[in-house]
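Listed below are the structures to be examined.
The same chain A turns up in both complexes below, where it pairs with chain B and then with chain C.
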Partner chain A sequence: MARRLPDRGRLIDRARPAPFRWNGRALSGFEGDTLASALLANGEVLMGRSFKYHRPRGAVASGAEEPNALAAIGAGAGAVPNTRATTQPLRTGLEAASQNHWPSLEMDVGELNAFAAPLFPAGFYYKTFIHPRQAWKHLFEPVIRNAAGLGRAPDGPDPDRYEYFYATYDVLVAGGGTSGLAAALAAGAAGARVLVVEQSGWWGGRAATDGVTIDGRPAADWAADAVARLSDMPNVTLRLNAQAAGVYDHGYALVAEQAPRPAGASGLRERLWRVRARRIVAATGAIERPLAFAGNDRPGVMLASAVRDYLDLWGVACGERTVLAANNDDGYRTALALNAAGLEVPAILDARDAPAGPLVEAARAAGILIRSGMGVMRALGRKQVSGVEIGRIDGSGRAEDRIACDCVAMAGGWSPVVHLWSHCGGKLLWDDGEALFRPDPDRPPLSHDGAGFVIAAGTAAGRLQAPTAMADAHAAGLRAVEGLGEPVSPSPIPAASPVADAEAEGDLRPVWTSPARMPPKLASKAFLDFQNDVKVADVQLAAREGYESVEHAKRYTTLGMATDQGKTSNIAGLAILAEARGAAIPEVGTTTFRPPYTPLTLGALAGEARGPLFKPVRKTPMDAWHDRHGAHWEPVADWRRPYAFLRDGERVKDAVTREIVTVRERVGMMDASTLGKLLVKGPDAGRFLDLLYTNMMSSLKPGKCRYGLMCTEQGFLFDDGVAARLSEDAFLVHTTTGGADRVHAWMEEWLQTEWWDLKVHVANLTEQYAQIAVAGPKARAVLEKLGGMALDGAALPFLGWAEGELAGIPARVYRISFSGELSFELAVPAGRGQEMWDKVAEAGAEFGIAPYGTEAMHVLRAEKGFIMIGDETDGTVTPLDLGLGWAVSKKKTDFIGKRGMERSDLVRPDRLRLVGLETEDPAEVIPDGAHALEDLREDGRARTAGHVTSTYWSPTLGRSIAMALLERGPERIGEVVRMSNGADAPIPAKIVSPVFFDPDGERQNG
Partner chain B sequence: MLLLTCPHCGVSAEETEFHPGGEAHLKRFGPGASDDAFAGYMFERANPRGVHFERWRHVFGCGKWFHLARCTASLEVFGAYPADVTAPPEEILAKIRARRPGWEPAPAAKPAAKPEGDA
Partner chain C sequence: MADQMTGGAMRWARVAGRGMIGLRLDLGDAALAGAVTGAAGVPLPAPRRIETAGARRLAWMSPDELLLFLPAEEVPAMLEAIRAGFGDGFAMAVDLSEARALFRLEGPGAREALAKAAPVDLHPDAFGPGDFRRTRLGQVAAAFAQVGEAPETFELVCFRSLAEHMATWLDTAGAPGAFPGVFARA
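Now for the complex of A and B:
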């Protein structure tokens, strides 16, 4: 059984026990353990259940590639699901739980799926849940949804903090193994600014565990010395627990750093580095491949490298008797390490006929039985492997012998971690000798300057032997600084290449399954992708069914999907697909490597952008006053605006009605500061606005305002507002609240890219002014009380503006109206907005003035038939559709949208056009978006002849009103249409003019 | 995320500091243009795998529009130049030819015999 040994364990501190809980049970490990090593030390080999068949699973690996041992860490809101136990550092008090089972890890009802496994072949879902349609909705989907998914989402907002960190470097070295350190030493000594990141909590990678010596010293000593030298370089930054997760265009990289905090303490949990590096050295090592044999997913069947990692790094024996199944020499290191630790290795099953070389000889010398040409035909046991049946690797799968064991170490060769190289388009080469894909140095991802910016180094470059890996890594570090320009260090010291030494290895035999030609019975029990329960038989079936493209086969079988993205399974899967197709592996190719390398938490991606910081709210100068006076807020573009001002105990609906009545009968005041205000200035300002607006602006006299429309080049209305001519060469253009930035950008685009000969400047002054609308029969009386400007009809007629001082505050007063009432808009410097607001409120008190919000404004304008961009327009509506033909110039030879409006579809006579609707029952308000139902279609359903764009209860008229876009609308005034009303009977409504109130404009002109 | 250099202010910055504006050097067709010419201006765009001329705006920087010659396959940037021209300047074409021997601009992207600014 798995247990802690009294010796070994380079990473653990035996003086510092770390008690933790696993599925509620109290266990203990040491500081330096991972959750997986601590569980194994406690004899807990079973760590989870597989996704599809709920088969019992244990850890296969010892690092980031782990497919099986996924755990939920923490509890409640701070819980993190799907954490790899193999990379989760153990800390005192850690709470961890296994996943994907019910009611418990040991006893899982879902395991019944496994007995039905023959019923769940590749593509099962695609083939099965098709008919009947009703069953999909009510039966299949609810059941599948309940059973699907890995882990459980936390049950509340994350209490922890996450942050971004922006950094630029000359060279980012991804990986702190001996290759990464050698590359960093070379680049650092040359004076480059270097960031070295290592995903695990220790430097030096696996060289020490593999018995490598560098410059005559054990690799661990060399690594410690290298880190010390790098730490002394001011131009080098080192980070542990930081994974280079993704490489993007032009040297952009994401590094996910785990903050070194004790579990459970709230505070910073993760830091996402957003790095821009001129060169990226991918020293990301390699991942060992499992071998596919029946029952290879039994807990206790592990990668050979993982078995020796647990032994060397954490002092853990994964079993008492370990059988090694290998197709190469490297696996022998595990047998030798176990043997040296006094653990039993009953046999090495080597797929090769005549293994030879120093490692093989060492195993022989140690007295370990080597059975060449043999492999595991079947692993026995259930919750833990109990033995193996062995047979000829080139045989039929017949068992010739049986060996009792509690651990099987699989050594299927190594795959370089080419992810970072490939993320941004680096191409791969198939290396037949080593049977692996490695980066093709001639086809790297290119930076903006056309130079390759990722350099693979060491084992990640396919140099699996330590001596060549070390030389390659040193060269990669030097290559990274080539052509970077002036070094930081004034006198660069060229670093000599470290020299590594390790036992020479013979050739691997590229055999992926055991036996090499697998009979169906074994193929249906031999797992390739442990996380997704994809077996050899599934890939073979996919190939037979025509899923020949590797990308199709991946999606059909789910090979290489989910949280581990097939780090351990891809090559064997490709090989089997290739064999089934009768093609070579490089012809089949790989699936696309996409970032991130391992899953990032949503918290890390969001960083500080959550809650109020997700998107800052824009506030007007009078915002605080509104908040104190009962503002019921609504978001409008990035602003917040009062929808209505609620008095004590008042309902929103009642407040809106009261505000409308106040404006119609007395006087109201509204904060209009959010309206866009663009200053358009220059000798060609008039000419420019003539091109932008559909109507003529150049003929406007200084001192006057004009309502105008802007269209897209296609002829569709997209913004409207009032332009005021400030002087011969300057206009102030008002836009909608949401349109200010868009219209500003629109103007810049035309000025800079099409009409660059026009002498015009545009400035966005939206936030420079506070704007207050004062509207209602008493509006003039209120403002006259403030004193300072003549505001009578002669001095300031409708659509005029004047500048002066009102109540001692510099102000521009526009006589414009969106309510149809006598109305003034006061623009004052933003810093004096509150002061002016207070003065208006004070002066208006005797007239019963009250603030009104956006909903009252909407109803007031709808009563007048004024359109609202975004209500009456939706990007397909022309000014003519809205009856605004009077605002489309026929005289101008050109304006944006003129040609577009001439298109045949835009002049169709049966277009939807604006009308008003009055329900037959005045109390009934048509629902928003209701359709006008007409003539039944052939399928028995009504067709729509248009839809409602605005619909309100009008307190002024004491009835409901609506505006609608209807086919041939204005030609049908007086007709009654049926408006849809959800499941209820349609509402009959009469088509009327959209101007419901004061059609002659007597009130606003007064 | 591309790394772009604004030809106006000279700043090299992240792609997120810029805003893309589609194909460069389109000729505007307005009133009087045929349906075909207008449809071409409005809707038809080159989508090459390779050298492409694009419009960008340094929207969170100096605010200026500029043109960019870029390879859509390798993401190499050949150069950036101001937006107030109707065709790529010769020096940009030379840079592209240097890295893509044999490449020739599509007829639309060839330098005009004389500038055809809008009157």
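Now for the complex of A and C:
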């Protein structure tokens, strides 16, 4: 059984026990353990259930590639599901739980799926749930949804914090193994700014465990010294627990760093580094491959390197008797390590006929039985492996012998971790000798300058032997700093290439399954992708059914589509696909490597953007007053604006009605500060605006305002507003609230790219001013009470503006109206907005003034038939569609949208055009967006002839009103149309003019 | 090494009473540029730099744009002086004092706080006193400059409407125990 040994364990601190809980049970490990090593130390080999068949599973690996041992870490709101137990550091008080089972890990009802496994071949879902069509929605999908998904989402807001960190380096070294350290030393000594990140909590990678010596010293000593030298370099940053998760265009990389913190303490949990690096050295090592044999998913069947890691790093024996199944020499290191630790190795099953070399000889010398040409035909046991049946690797699968064991170590060769090389398009080469894909140095991912910006180093470059890996890594570090220009602070002593030594290894035999030609009975029990339960038989079936492309076979079988992205299964899977197709492996190729390398938490991606920082909210200078006075808020672009001001106990609907009546009968005030205000200034300002607006602006006299429309080149209306001519060479252009930034950018774009000869400058003054609309029959009376400016009709006529001091505050007063009432808008310096607001409210008190919100404004304008950008327009509507032809100049030779509007589709007579609608029952309000239903089509559905764009209850008129875009609308005034009303009967409504109230516009004159 | 900075690593305050004048002009036109530098008494900043003279600073905003910071009470006279200097030249000077909010960040953590949200190389070798960037902080448009060395001090402007958001962000970014401790080594 798995247990802790009294010795070994380079990473654990036996003086610091770390009690933790597993599925509610109290267990204990040591500081330095991972959750997986601590569980194994406690004899807990069973760690989870597989996704599809709910088969019992234990850890296969010892690192980031782990497919099986996924756990939920923490409890309640702070829980994180789907965490790899093999990378989760153990901390005192850690709470962890296994996943994907009910009612318990040991006794799982879902395991019944396994008995039905023959019924669930590859593509089962695609084949089965097609008919009957209705059943998908009502039966299949709900059941599958319920069963789908790993882990469980936490049940409350995450108590922890996350943040980003932007960093720029000359060189990012991904991986802190001996290769990464050697590359960093070379680049660092040359004076480059270097960031070295290592996903685990220790430096030096697996060289020490593999018995490598570097510069004559044990690898661990060399690594410690290398880290000390790098720490002394001010130009080098070293980070542990930080994984280079993705590489993107132009040397951009994401690094996910786990912040160190005690279990249970809330605080910073993860930091997502957003790194810009001129070169990225991918020193990401390699991943060992399992062998596919029947029952290879039984707990206790593990990668040989993992068995060695648990022994050496954490002092854990994964079993008492371990059978090694290998197709190469490296696996022998595990047998030798186990033997040296006094653990039994009853046999090495070597797929090769005549293994030889120093490692093989050492195993023989240690008295370990080597059975060449043999492999595991079937692993026995259920919740833990209890033995293996063995047979000829080139045989039929017949068992010749049986060996009792509680651990099987699989050594199927190594695959370089090429993910970072490949994320941005680096190409791979198939290396026949080593049977692996490695980066093709001639086809790296290219940066903006056409140069490769990722350099693979050491094992990740396919140099599996330590001596060549170290030399390659040193060279990679030097290559990374080539052409980077002046170094920051070169070291007086350039780094020399470290010299590594390790036992020589013979050739591997590229067999992927055991036996090499697998009969169907065994193939249907031999797992490739453990997490998604994809077996050898599934890939063979896919090939038989014609899935020749590896990308198609992947999606059909789900091989490599689990949270581990097939790190341990992809190569074997495509080798088996190649074999089934009778093609060579490089011909089949790999699937696409996509970031992130391991899943990122949503918290890390969100960073600081949560709670109040989730989205910036823009606030006007009077925002706090509104909040104190019952503002019911609505978002308008990035702003928040009062929808209505609620009095005590008042319903929103009633407040809106009261506000409308107040404006129509007395006077109301509204915060209009969010309106865009763009200063357009220069000798060519008038010419420029004539080109931007559909109507003429250059003819406007200083002191006057004019309503104008802006179209896209296609002739569609995209913004409107009032422009005021401030002087001969300056206009203040008002835009919609949401359009301010867009129109500003639009102006800059035209000035910078097309009309750079025009002498015009634009400044965004939106926030320089607070703007207050005062509207209603008593508006002038209120403002005159403030004193300081003549505001009578002669001094300030409709569509005029004046500048002066109002109530002692410098103000510009525009006489414009969006409500149809006598109306003024006061612009004052933003810092004095609240003061002016207070003075208007005070002066207006005797006239019954009240603040009104955006909804009252909307209804007031709709009663007048004024359009609203975004309601009456949707990017397909022209000014002519809206009856605004009067604002489209026929005299101007050009303006943006002029040619677009002349296209045949835009002058079609049956276009949707603006009308008003009055329901036959005046109390009935048409639903927003309702369609005008016409004659039935052949399929029995009604044809739509247009739709409602705005619809309200009008307190002014005591009836419902709506605006709509209807085919040939204005030609059909007086007709009755049927408007859709959800499931209820359509609502009959009469087509009328969109101007419902005060059609002659007399009220705005006061 | 990591997370070595704790409480009090960054202090911030909103700065009141500072006026701002936005300037658009051909920076290569000696007469127009001279109108600004002459009236303000601050030299013309190089690209991505800010120049300081007494209580005034002049920042480079874009190839044809400057931003002048000055005591708020000086704004009307300064506007007049600059406009007079421009004469009939094609240039614009406009009061933006009310449109923006100004913050001051100070302390050993200030640099790293900014690096949590601005895609700018904030390494001390790359961004030092007098450097100025027009960029973003998280989701918000902003510009900042290093204006002091000991303690490290930065000034930051954003749109006025986002001042509350910025204050919340500064409190979050400057929370104790949440500094990477990267620049502190340099």
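Before moving on, here are some points about what is shown:
FYI, the second predicted complex is superposed on the first by the 1002 of 1006 C-alpha atoms of A that agree within 3 Å, B and C clash if a C-alpha of one lies under 4 Å from a C-alpha of the other, contacts with A are read in each partner's own complex, and residues count from 1 in each chain.
The rule is short, and it goes like this: a residue touches a chain if its C-beta (ideal position, glycine included) is under 8 Å from a C-beta of that chain, and two chains touch if they have at least 3 such contacts.
In this text the structure is predicted, and so the values were computed from the model without any measurement.
In the superposed model, A:Tyr597 lies in contact with neither chain B nor chain C.
When chain B and chain C are set side by side, the one touching more residues of chain A is C. By the touch criterion defined above, A:Lys681 lies against chain C but remains apart from chain B after alignment on the C-alpha atoms of chain A. In the superposition on chain A, contact of A:Gly900 is made with chain B only, not with chain C.
Within the superposed three-chain model, A:His250 lies in touch with chain B and out of touch with chain C [touch as defined at top]. Within the superposed three-chain model, A:Asp757 lies in touch with chain B and out of touch with chain C [touch as defined at top].
Of the two partner chains, both chain B and chain C are touched by A:Arg276. In the superposition on chain A, contact of A:Leu613 is made with chain C only, not with chain B. Residues 276 of chain A lie at the contact with chain B in one complex and at the contact with chain C in the other. Across the complex, chain B meets chain A through its residues 1-4, 14-15, 21, 28-33, 35, 38, 42, 55, 57, 59, 63-65, 74-77, 83-84, 99, 117-118.
By the touch criterion stated above, chain A contacts chain C in their complex at residues 161, 163-168, 193, 231, 234, 237-239, 259-260, 267-268, 271, 274, 276, 488, 607-609, 612-613, 615-621, 639, 679, 681-683, 759, 761, 763-769, 829-831.
Of all residues in chain C, only 1-3, 22, 24, 90-92, 94-100, 112, 115-123, 125-126, 138-140, 159-165, 168-169, 172-173, 175, 177-178, 180, 182, 185-186 touch chain A in the complex they form. Contact residues of chain A toward chain B in the complex are 248-252, 276, 425, 446-450, 713-714, 745, 748-749, 752-757, 893-894, 898-900, 902-903.
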